[in-house]
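Accompanying notes for the structure given below.
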Amino acid sequence: MLEPVINDKCGVFGIVGHKRAAELTYFGLYSLQHRGHESAGIVTSDKGRIHLHKGMGEVSHVFSNSENISRLSGRIAIGHTRYSTTGASSLINIQPFIITNKSRPLAIAHNGNLTNSLDLRNRLESKGAIFQTTSDTEIILHLVASSKKSKRIDQIADALNHARGAFSLVFMTEDSILAARDPHGFRPLAIGKMGRTWVVASETCAFDIIGAKYVRDVAPGEIIEITPAGIKSAFLKQKVKTASCIFEYIYFARPDSKVFGENVDKIRRRLGRMLAREHPVEADIVIGIPDSANTATLGYAEESGLKFEIGLIRNHYVGRTFIDPNQEIRDLDVKVKFNPVKGVLENRRVVVIDDSIVRGTTAQKLVKMIRNAGAKEVHFRISSPPIISPCFFGIDMPTKQELIASNMSVAQIEKKLGVDSLRYLSHDAMLSMSSLPDTSFCSSCFSGKYPLRIPKINGKSRLDKI
Amino acid sequence: MLEPVINDKCGVFGIVGHKRAAELTYFGLYSLQHRGHESAGIVTSDKGRIHLHKGMGEVSHVFSNSENISRLSGRIAIGHTRYSTTGASSLINIQPFIITNKSRPLAIAHNGNLTNSLDLRNRLESKGAIFQTTSDTEIILHLVASSKKSKRIDQIADALNHARGAFSLVFMTEDSILAARDPHGFRPLAIGKMGRTWVVASETCAFDIIGAKYVRDVAPGEIIEITPAGIKSAFLKQKVKTASCIFEYIYFARPDSKVFGENVDKIRRRLGRMLAREHPVEADIVIGIPDSANTATLGYAEESGLKFEIGLIRNHYVGRTFIDPNQEIRDLDVKVKFNPVKGVLENRRVVVIDDSIVRGTTAQKLVKMIRNAGAKEVHFRISSPPIISPCFFGIDMPTKQELIASNMSVAQIEKKLGVDSLRYLSHDAMLSMSSLPDTSFCSSCFSGKYPLRIPKINGKSRLDKI
Amino acid sequence: MLEPVINDKCGVFGIVGHKRAAELTYFGLYSLQHRGHESAGIVTSDKGRIHLHKGMGEVSHVFSNSENISRLSGRIAIGHTRYSTTGASSLINIQPFIITNKSRPLAIAHNGNLTNSLDLRNRLESKGAIFQTTSDTEIILHLVASSKKSKRIDQIADALNHARGAFSLVFMTEDSILAARDPHGFRPLAIGKMGRTWVVASETCAFDIIGAKYVRDVAPGEIIEITPAGIKSAFLKQKVKTASCIFEYIYFARPDSKVFGENVDKIRRRLGRMLAREHPVEADIVIGIPDSANTATLGYAEESGLKFEIGLIRNHYVGRTFIDPNQEIRDLDVKVKFNPVKGVLENRRVVVIDDSIVRGTTAQKLVKMIRNAGAKEVHFRISSPPIISPCFFGIDMPTKQELIASNMSVAQIEKKLGVDSLRYLSHDAMLSMSSLPDTSFCSSCFSGKYPLRIPKINGKSRLDKI
Amino acid sequence: MLEPVINDKCGVFGIVGHKRAAELTYFGLYSLQHRGHESAGIVTSDKGRIHLHKGMGEVSHVFSNSENISRLSGRIAIGHTRYSTTGASSLINIQPFIITNKSRPLAIAHNGNLTNSLDLRNRLESKGAIFQTTSDTEIILHLVASSKKSKRIDQIADALNHARGAFSLVFMTEDSILAARDPHGFRPLAIGKMGRTWVVASETCAFDIIGAKYVRDVAPGEIIEITPAGIKSAFLKQKVKTASCIFEYIYFARPDSKVFGENVDKIRRRLGRMLAREHPVEADIVIGIPDSANTATLGYAEESGLKFEIGLIRNHYVGRTFIDPNQEIRDLDVKVKFNPVKGVLENRRVVVIDDSIVRGTTAQKLVKMIRNAGAKEVHFRISSPPIISPCFFGIDMPTKQELIASNMSVAQIEKKLGVDSLRYLSHDAMLSMSSLPDTSFCSSCFSGKYPLRIPKINGKSRLDKI
């Protein structure tokens, strides 16, 4: 069988009521590529006539020919940008998907993962449903089609009442867009406005680039329909405690975005400050792994009083470079991304801030690189707790076996990385960083405690499987 | 809504039990490109693991990278080559399609058109089915999935018992291929063998290129399943008179193929001979429009005793050349395809043989070209009757309004083309060309009499619509 | 060092005084692709402003984007289409070349081969010339630049007075085109007219497609300059006997072209007739290898009274298909090009006409294919004498060692091909086919007698080297 | 005529004595792309056999197919990465160039601009030289070829003794590389070593990525030849005062490189410190325009005691995005590159550090962006003096007319940008930043005083022309 595909790490965008809908979607997707840049697609409705263009590659590659945009006429559009594995088979999984049912078109763009996809798929297949992709997003379309309701918003609500897990969704009909967020509110989804034009997007940086203003988030469990006439709102039946993904704050979202109603930048700053308070160290300078740890590093520097420095330069041209497996250039994968600044590091005791450690392989190479540049001491400080458990709600993470902190103590990791000291932010400190109540977050990757049941596969826990 | 797509003009191929299944499918498709060369695809099963590659363009373009073939491991494969309109939306309609239902994969390649596709689609949609393509082939997959039977062959039989119209189909499961032909037997489908390897293909020229021998046709209404162990056969319920498409003989099939059990070349030769008998003319030479009318021209020359000549050279490099709509080169579309041989035509009374006239625009330009090359007289002889009605069974034809013979008498067409005389082969003569009984053919494009009911759309006859 | 490149097998085109100069050049090149279709280029002058586009691939591929043509503004253009080996290094050899010297641009397109290129290159290099391509055409540009004359036509005459061998050249300056042919007149070059627009081309088929009329050939040793005001003519100093390439008539030119003032079609017809007279055979049918031998086959059939048949179908989609070296499909290279028509060949005694045999490998496979299709006897008849010596004047041929007729007697070849009989047209008969005096042709590939001295390389004859 | 091309903004690389010479060159070029990323090329010598691959696009695009590297066998290689305008005509200007003269190959890669190129070109053309590119680099090849010396190093010295202006060059012969720097030493060129392998590169960051160690710079006026046996050095005749480009330190080089023997990072830090001393301001935070002003910003923050902040996020995916000229998204060109961090800027008095202001248009948009994000005050501080005069030595700058500081006073610019204050670093302070003597730099873009005569064109100063 074709391999199942996980829709994690995606950006979604939707717009209603602008004559350049496709072009604005293009720029919206452009700014969301940190959430996935391996494929992109835009679909528009021009008075019920549907236009689609999608393909593998970065947004600017997929739409490199300006005709590809100008063909997409219409005042309504949705778009998707996504991380995906390569290979021809993954072509079928590029979003948005479009279906027709009962002679009416429906397009969908999805960020997140359903946790009951196997159950739903089995149930649908037993009723004769056929699946043409390997994505769980297709399940939602089948559920919408099997609803007895007549209005799209009701059909979608029907469908989503069966879905469990993480979904921030944007739909397009002939004359409207709909946006929905799962009851836990795992992944972000924001509403913006620009004149009489409504937009929705995974992050508010997509509003900034086109000049739209943030209005509010789609609420957890909310489903809205936007037409040129305005917004209509409804709610899914399931009532659960909010469990917004804390990793969006730690690493995933852009610092200039507002996510779950807070500025990502401010939160990262606080994480850095708390890290300095919990784990101070005698040193000369503090540097961050660019660019994701930059803000936390500033916070650490402020709180600790250590001198902030730029010790690693990030290569702007990190494209899909081929790395010959027989290559003799040691640690080339890290070298094509970063270069140390010797003048900064030489003979210094260096605190290095990173947002998280997953497998530990990159960290190990960076430490070596920093030492080779002459650092006297290297102290790693991580602005989040150890990652010990995989994510089932839309962040691409390796299996439990591959997570270094799941298998080693901090002392062991310290030794493996070759650092003078390694410290992580505590779980409590992390949860206190936001002005929202502690319990509103999902921090399962740090705690191993999931806000909902993860079904076993073949009698085995999926912790080891995905 | 997305535009509906007609799967006419296609070539299908399937193979079981060869370690180079994908490569042989490639060459099979290669030889079937006269049936459609705008997109191509191959799917293989390697012990249940499915591999797919498809794309827009000629077969050699889609598989220009030899990796694309070598990735397609497995001893079982099916392929499709197809005519289709351009535009990104048509990407979704490139065959083979693959679905999963009840955890089992099924791939399909289709040549033909269903006539009850709207009925079926409406019925399926009302039960919640979703459609991701605009092709009627997807309907068959839904019907298969909704069968209560457990074996694929029985599910497919169930599905096809609901289908009306033309279908020559090849399916692939994890470990077998299935082939089916509609009860009228509109489109061809042949079975071949090469050692222990079984193949099926639209035409036998696909067997020749890979060295397989023709065994027999899939019978009208038959459905077969081929595994490495052998062939199993079953029949659809509907019993109707055979109505094989006579246009395959007139124009569509390759002359070196055996179609409906007879050599196409021999039949075309006979058509030319009968044309000479019915419509002799005093002239110096007889020429054909290359390459489709070559064989009928030889027959006409033999029977009439007129000298066979090559009066038009066909350009080998007719690629997708851009033709500037503002171009000032008159009749450029015909000139890039053909060039007259002046030495042959000058001062001659010329009989020109063509297989058929559809709109008449190309014929008109060719006549002018032949006259400009110095021909004294031009007598057009057509090796089939006037086309007066569109096809609903898999041949791409314009609407009744656009068919010149549907709107003009032979005398009027004669005048419009600017020929000294124009004559068509009679309907009776055409039907007598094969050794098969007259009544076994569909000649509806020549007679306007369809072997089955063509549903009206919105209360109007579809004759004017498609 | 980079490998030297031979500019054989090329088509050249030039046009003066048309607002769609580039577009007409495109169609001219399009019709000349039988002379080479591996790269193409067009250069225009828009009041002295030079525009160029060139690339690897067929003409329609290189100019697939209509922008590539529309960018080429100006009323003057020249173009080139060429056979070349693949590989990035050959990019530098794609013509037309453009140079600037003394602040004035000059573009060149070349069909033919210089025989004294090594001498000239050495002499130029010793004076400090640098070479950026591996093509002998660059030498001509250096010679032009080193002329002391002030007018381009005089500079070019100066340059060409030093050149030996075959050259049919088209040059473009800011405001004119120039055309020149070597004193032997090896390769064709014709002048045409269309209203007030002048054109030159390798063959007249390029005039037909754009609607121009043939005026006359550029004479051997002539050099002409065409401006919107008209044609100016001059002659090179060297006076030698004309030696037009007879192989243009045998195989290379299109049958619908006029070459060296005669219709190619008529000459091929006569070759076929003479072949029938010299080498009759008891048989049932006569077939030709399509498409190059078609006309000679008609001549043979007429003269012999044997029935003309189409026994081999040529695949229209012969693209650059990959042929896996490990492939198990026997004789695949021939099968992708041709398919036998069994109904025609079965149980027949077949005369097969071909224009020439080079290595004999394709002929051998075709014979096998024809026998497998059921032919009782196969008699090969070649409408030219045995090829025994390579060409140094612009036809791509293998070394003497690889030429089958250079190493085997006719009886031996007969046996190797597996034919019942093999006969070649006699040298005298071949030379008598034209209305021109016998001595005006170069038939060195058939006779081994070259009309000019071929310099040795490293003390060895080049017959074995190139 | 074809437009002349300026080879400014280039990176060069060369390597001798490594079996993976092409691959290491690839990574060297990869790290030099900040010096130009519009085209790239690599040429290798495999025992005298030359292999070349080059094309338009980023290094990873040009060599996206790993075959393109593996084909480039040999232990000697040079490479070039370059800024260039688009369009087919620029294909001919992609470096390295390869020529053959006297049967010996020579390849060249050039960073810089000759100032006497018109003189040299006229002189060469009058002697019959032809030019196939529009690049001044081709002149050097002609000069090499016209040398009477026999050794390449002497020929190149001969050639370069005629050249004026800026040139950091890498040549490749069959068995060696040569590197040369103009007597002023305008552009950098460094020598590195890795085991027994020698490398040269524009900047030392190219050594870091492959693991080579910096040995020394090629001295101004020096020419070296490197074979596997070692380095040979010679000097050009002209003796002039060193005039290394100070703009390499200000903006162009990577901060992690050592240029002209000093760490770029350290110098930028000092520039920032001096800027703070010269132009302090009462404010809340200091931010830099990422990434080029980052280091100077740190210096300013340290010296001033103001809080360093990250106020602008740079988009990692700034690809070649199409910007519709009719677009209605205001200041889109800046928005696709940067996004302000509102949380940082809101209600703050902000010092913004940039390295330089050229036209002022981007600065103006950034100021607006920063104000829109809520900044209370915006104080621009530039870590270099006003740019008042164009560069003729290899930095791409607009004409004097377009340079904002050439036409406006600081007060006027202040007003135009809409800042509360604008201050530039003084010329003296800038020159004092290095440990090298003041007079060893070219700071003509800041002073208008050129270290050598810039020839007039058509009697007019070129200050207004280029």
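In this document, chain identifiers A, B, C and D correspond to the written order of the chains, with residue numbering beginning at 1 in each.
Please note the rule applied: a residue touches a chain if its C-beta (ideal position, glycine included) is under 8 Å from a C-beta of that chain, and two chains touch if they have at least 3 such contacts.
Every value quoted in this text rests on a predicted model; they were computed, and no experiment measured them.
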item	value
Number of hops, chain B to chain C, where each hop joins two touching chains	1
Label of the chain whose CA centroid is most distant from the centroid of chain D	B
Inter-chain centre distance, chain A versus chain B - centres from mean C-alpha coordinates, in Å	48
Between chain C and chain A, distance of the C-alpha-averaged centres to the nearest whole Å	60
Inter-centroid spacing, chain D versus chain A (mean Cα positions, whole Å)	37
Residues of chain C touching at least two other chains	none
Complete list of chain pairs which touch one another	A-B, A-D, B-C, C-D
Partner chain B, residues of chain A touching it in the complex	1-2, 48-54, 68, 71, 88-89, 92, 97-105, 122, 125-132, 134, 141-142, 144-147
Chain D-facing residues of chain A, complex	20, 23-24, 27, 30-31, 33-34, 37, 58-61, 63-64, 66, 69, 205, 208-211, 254-256, 263, 265-266, 291, 294-295, 298, 302, 307-310, 313-322, 324, 327-330, 332, 335-336, 339-344
